[in-house]
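Presented sequentially are two complexes of subunit A, the first with subunit B as partner and the second with subunit C.
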Partner chain A sequence: MTRRSRDSRAQGGRYLLVLVVMLAINFFLPRLMPGDPFLYLSVEDGTVSVVFSQQQIDHYKAYYGLDKPLHVQFGGYLLGLLRGDLGYSIYYNTSVTEMIFTRLPWTLFIVISSLVVSSVVGTALGAISAWHRDGMLDRILYAVMIVLSEIPSFLLGVLFLFIFAAQLKWFPLSGGRTVFATYGSVGTALGDILHHATLPVATLAVSRVGGFYLLSRNSMLTVITKDYIRTARAKGIGRRAVIIRHALKNALPPVVARIFMSLGGLFGGAVLVENVFAYPGVGRLMREAVGNRDYVLLQGIFLTITVMVLLMNWLADIVYRKLDPRVAR
Partner chain B sequence: MATLELSHLFVRYRQDAAINAVHDANFSLSPGESLGIVGESGSGKSTLAMTVMGLLEAKTTVTGSIRLDGTELTTMTERQRDGYRWRRIAIAFQNSLDVLNPVMTVGAQIAEAITRHMALDRESADERARQLFNMVGLEAKWLQAYPHELSGGMRQKALIAMSLSCKPEILIADEPTMALDSESKAEIIDLLKRLQSERGFSMIAISHELQVVSALTSRILVMYTGNVVEVGPTRAVLEDPLHPYTRGLTYASPSIHPFRDMWGIPGEIVITEETQCPFYSRCTQRIPACLHQHPALETIRPDRQVACLRGGIVTLLTGVALNKTYRTAGGAIRACDQCDIAIRAGEVVALIGQSGSGKTTLAQMLCGITRPDTGTAVFDGRTILGNSETRRTGGVQMVFQDPLSATNEALSIEQIVREPLDILRSDTMAQRTAKVRSALQQVQLPHDDLFLRRKGHTLSGGQRQRVAIARALVMEPRLMIADEISSMLDPSTAANILRLLKGLQNLLGFSMLYITHDIALARKIADTAYVMHKGRLVEHGPASRVLTSPNSEEAKRLLRKLGLDSSYGR
Partner chain C sequence: MNTRTFHTCAFLEKFSTYGKIGIAIIIILICLAGYSLFAGNDMHMIPSGESLERPSIAHWLGTDDLGIDILAQIGHGATVSMSVGFASAILAGVGGSVIGIFAGYFGGTADKIVTALCDIMSAIPQLPLMIVLGAFFGSSTANIIMVIAMISWVGPARTARAKVLSMRNETFIVAAHSYGAGFAHLAYRHLIPGIMPIMLVSVIRIVSHAIVAEAGLSFLGLGDPLSKSWGVILNRSLNFPGIYFTDFWKWWILSPLVALMLLVVAIAFIGRDVERIVDTKR
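Showing the complex of A and B:
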């Protein structure tokens, strides 16, 4: 018990350290980027006309605290974070926390949906493929999955958009829901949202399914050559019990760990995909923030994603311990 | 209780595999019987077990039949097979960490078979698992443990408890004592014996450790590269093996030959054709025909079967009722009195006796130097007359106590070693010299021109003995008679010569009659021993018994006396 608590304390320490490092990077990185937010505030598309005078810029810099030394800014930033305050967007002039929290559900929705779809489908297909190793089914699945896993998600998104939205008109071209629509019931609202989410989710899921398939197939292939599978078969407990209780149970831990770990990558993918589909998530917000050199907003988004990823890694650790008794004790 | 019958069973892992993993296995297991399967790693023991359980990979081809009470198992579907597995035939797998599912508790892994086959609910199955653990001597708390939390010995017990969980009629124990310390080993053996007598299942015990099989089983099956080469009662087979391979296994087993030095079976497995004897490349008694015919298992004695074209280990030399009396002024001395002796191919026979007991006379009659008054000595089917066997290659050669004392002092080492070949006149001079050099190399002497030109009397005692052995080796003897060859040497040189000779014997496969009064030495190298006292052979048998606890009074007395001698040095 003492060893276990010491282990988890050491682990907590590691996560804390990572968080602090991430906060520092998060704070300093945008300030190292070329460009200046007040320069961009003043630039309209296509025209170059300076709206702010030097005096105004100084005023705004003082207003946002950007004239203070870096370490003072950083200290203020950390203090604000403790209060849940991510500051005010330089471009939109609204609370960053609020902005992110209006966008986050959209992103979480497509990220988690696509994760569920891709991991379940990928794992199942991988297991089936491994059990029929070198058979026709295995070869075809393997080839298809390799190809799928190599296509970049934005390309896939554009392809889907072209075929299913532009040509077949099965799904809307963009957005998270029909603009200006008034819904009669929760059902129709949900239907509309799902309708809009289908292509982004499919894009993300398809681009991720190959990875899960390969990992699951690989893990399963390793497991089914193990002696304990032979032991299970020898007991005559039936094929289903052998596959599910013995093979899958052993093959799953690495797959599950990967599911949680892959969330970081999925957020990255979501940024690209949301922009392809003009989906109102955090990814699209991030692009806008980058374009506007909106430090405060960028920091907020980065921080949110960082915390999410760390949280998922931590969850992965916990779930792994639950699944494999050899790691647990 | 059921009978298991295997007939003409062939297993091939891949179509393009060079040899069958199991080749024509035929045997049956009666209710309550215990059968041991022994053989080196890769001999097909485990494959046989997996075939019976139906656990081979899909790519494997199995032909022939396995019947349980007349029901054919090989043609069953997996689903049908599942009805037989564990409930009728169960296996205690070879112990390893991987053999149990690492993410399930041991108890759950035992209970799942019980709920499946014995129509019990989960609770009763758990109760039964507790009883099983109690039966094998494990505390019930270990049921909640994961496999990695058990020690090797505990895991072995858990595997046994698991295998017996559905009351099988047949238990296969695959290497049940593998990687255990000797105390746990004894515990597992006792456990298996007790359980078998309590529950009456029949058992197939697979092991490469002969003492395990000999403790557990009444009948034994010896396998070599997938072939069953010998079958018989365990005790009889291990004490008096018929196949050279079985004998090689017993020689390599310190538990069966506790005093004798261990010597593995030399040579590599070389099998070029299915139609040859699989043991050909390592056999000490092969004949050209062995390369063209695959020997079938044949009954050559009641209850003893062996797969050997030569009918098992052949007897190379037999002396029947040999008598020799020397008449001197002081009266008649009966040097040999009705001596019967037999030497088999590839075996080391020690002839023990005091000085003057007639050992040398007997040896001389066996190689033809001395003519017996009555009785005959037969070598390889030919009666020994004069130098009829010593002058041919593949015959009998003798090495004496002081071998070079009888040679011409003027002869060089090359001439001494080459002399028998010169008499034979079979090769060119260059070929003979080449043989001389290779023989000198075999006895670890220099073989350059300088050494070849040296005179025999310039050598030390140990070197002379080596030269004498080389002289015998050029004739490629099938029987070497060594008469007190080490008695004039200091202990270190004697040990070197003896190890050299035994090593050559093991490698080249000739038989050896080793005459000595030194029991400690004889114990180190002898497979069989004859004890001679006042011209009579008073006792003979396996060296491990005769040289430690003989039956006859004369032998006991001699052993005490000679044993005393050797403990005070030669």
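Showing the complex of A and C:
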């Protein structure tokens, strides 16, 4: 909790610092690598061929601004970023910003829906479990959730893919929607997209639900031993009302903070899970970029994901302060 | 209580049922790995049956598309996956402890820099960063270990720093200091033994993260194709044309998948128990 109790200006400074370091990594990493872009662009791995003459190389270096000193290049890079320019993909030859923004909605869709599902289900189950502490239900739930919270999402995804899509054929094997389909109405289009999204969302949700469950159970267990809960019960308020109005309300802040904080891990999970289901999001694009050695695209995606995660963490700090007046001083 | 007074047996009794299950799973996997390591018959590389045989007495987990026994591959993969896990965990644990001890002991600017670095590292989403680093450094096993260690040192560094900070003002440290003990002596005699138990917890945690990370990178095609870890086996089987429309997945995909899940869950169980045991001793 010490980290949270720092004042918000220090927090803002921290995020700014992370952003600067991120940009520096993004800028310097390719420039620190052995070889130069002309080798990467023109030659297969391990072979040497003369494609460019020295004049051509000089010309292109001037054209891309690579002949200028590093700090001028870095300045140009930052200016470009401010204008939303992430450069051009080496492989696809289109604007990286544009490519990312066509894919981003798909990723956001599965990430956010799985977050909603897992946090609601996990919190509810955790609260139920805490209320029936050491009962049969609590023990079974606890055992299942401990295992679930440890299993990495993409392994779960592969399992789901083969059981529910390949074997039982309940869900499509891959993609975000049926290829070449023409929809009669908005309803069928939406249904098709939801049908395709079910397995990826379920995978991410199941792999996250354990964490929320354990947190909410823990939080509830500490809250229900407090005096005000006993007082409320003594006043004759019903069990259900006590759980919802008194206990849950006080047990919730850490859970809500966790919802935002878990976005970083969730994006990581989504990158892999999208590839399991060939879902057309940013993660899929990232693998294509890796496969094609499209470093510009790869870095653009990395930057976008990180900035989004940073924004969410920042938001988490703000929300947490609002929810729990004890930390906001 | 002193760690040295414990016997192995008494130590085992401190584990919960979950922890014992975890230890059993790890022992089985280590036996499997040891067998494949010392059998010396290269079963994991050489075809020993027909292509894509079902599980049978000869091939307990069937064969892959080249007719190579899958159980042998899993055994060999266990050595690869576990050594990647342990190597990166030890690297991250040692590196992180050194950084944490320095930061906690000397304080001042060094501490500020380390704390800021930790904050930065933990704010960046790990897997995407690992993919970027992996793509740039190239996919050899050594590089993968390095990349994972580069990302995982933050946890150990934070715990070491916190522990050293709390130890620094304890009477035995102050006393040793007043006798003229230097940093090297203090670190060797007091600080390192002091952080050892909690370090164990965070290293165990990193082992399973590292194994999963390696599997994830392999799954994205960033694995070392020359070393057949479980992730590489899984990636190869997933890329087999027609895997979705046949029964082959029931042994070819499930074997590495279940092996990975078992190992990760087992390590997590052990980690939980070790954390609890270390905690009560404090």
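Criterion: the second predicted complex is superposed on the first by the 272 of 329 C-alpha atoms of A that agree within 3 Å, B and C clash if a C-alpha of one lies under 4 Å from a C-alpha of the other, contacts with A are read in each partner's own complex, and residues count from 1 in each chain.
Just so we're on the same page, a contact is a pair of C-beta atoms (placed from the backbone, for glycine too) under 8 Å apart; a residue touches a chain by one contact, two chains touch by 3 or more.
No experiment lies behind these values; they were computed from the predicted model shown.
S.K.: Since both structures carry subunit A, what do subunit B and subunit C do when superposed there: clash or fit?
M.R.: Result for subunit B and subunit C: fit.
S.K.: Give one of first, second, both or neither to describe whether A:29 is in contact with subunit B, with subunit C, with both, or with none.
M.R.: Only subunit C is touched by A:29; subunit B is not.
S.K.: Residues of subunit A touched by subunit B versus by subunit C: which partner has the larger set?
M.R.: When the residues of subunit A touched by each partner are counted, C comes out ahead.
S.K.: In the overlaid three-chain picture, which partner chain does A:232 touch, first (subunit B) or second (subunit C), both, or neither?
M.R.: So A:232 only meets subunit B here.
S.K.: Which of the two partners, first being subunit B and second being subunit C, lies in contact with A:137: first, second, both, or neither?
M.R.: In the superposed model, A:137 contacts neither subunit B nor subunit C.
S.K.: Using the superposition on chain A described above, determine whether A:246 touches subunit B (first), subunit C (second), both, or neither.
M.R.: Once the two structures are laid over each other on A, A:246 reaches subunit B alone.
S.K.: Which partner chains sit in contact with A:272 here, subunit B, subunit C, both or neither? Use first/second/both/neither.
M.R.: second
S.K.: Please state, to the nearest 10 degrees, the angle that the Cα centres of subunit B and subunit C subtend at the Cα centre of subunit A after superposition.
M.R.: 70
S.K.: Taking the superposition as given, does A:298 touch the first partner, subunit B, the second, subunit C, both, or neither?
M.R.: In the superposition, A:298 touches subunit C alone.
S.K.: After lining up the shared chain so the two structures overlap, which partner does A:189 touch, if you call subunit B first and subunit C second: first, second, both or neither?
M.R.: neither
S.K.: I want to verify one number: the closest Cα approach of subunit B to subunit C after the superposition, in Å.
M.R.: 23
S.K.: Which residues of subunit A are in contact with subunit B in one complex and with subunit C in the other?
M.R.: Common to the two interfaces on subunit A: nothing.
S.K.: Which of the residues in subunit A come into contact with subunit C in the complex?
M.R.: 14-15, 17-18, 21-22, 29-30, 33, 146-147, 150-152, 154-155, 158-159, 162, 165-166, 173, 264-265, 267-269, 271-272, 275, 286-287, 289-291, 293, 295, 298-299, 301-302, 305-306, 309-310, 313
S.K.: Taking the touch rule as given, give the residues of subunit A at its contact with subunit B in the complex, in rising order.
M.R.: Contact set of subunit A toward subunit B: 226-228, 230-239, 241, 245-246, 249-250, 253, 323-326, 329.
S.K.: Could you pull out which subunit B residues touch subunit A in their complex?
M.R.: Within the complex, subunit B contacts subunit A at residues 50, 53, 55, 78-79, 81-87, 90-91, 93, 96, 98-104, 109, 112-113, 116-117, 146, 148-149, 162.
S.K.: Where on subunit C is subunit A touching in the complex?
M.R.: 18, 116, 119-120, 123-129, 131-133, 135-136, 208, 212, 215-216, 219-222, 234, 238, 244-245, 249, 253-254, 257, 260-261, 264-265, 268-269, 272
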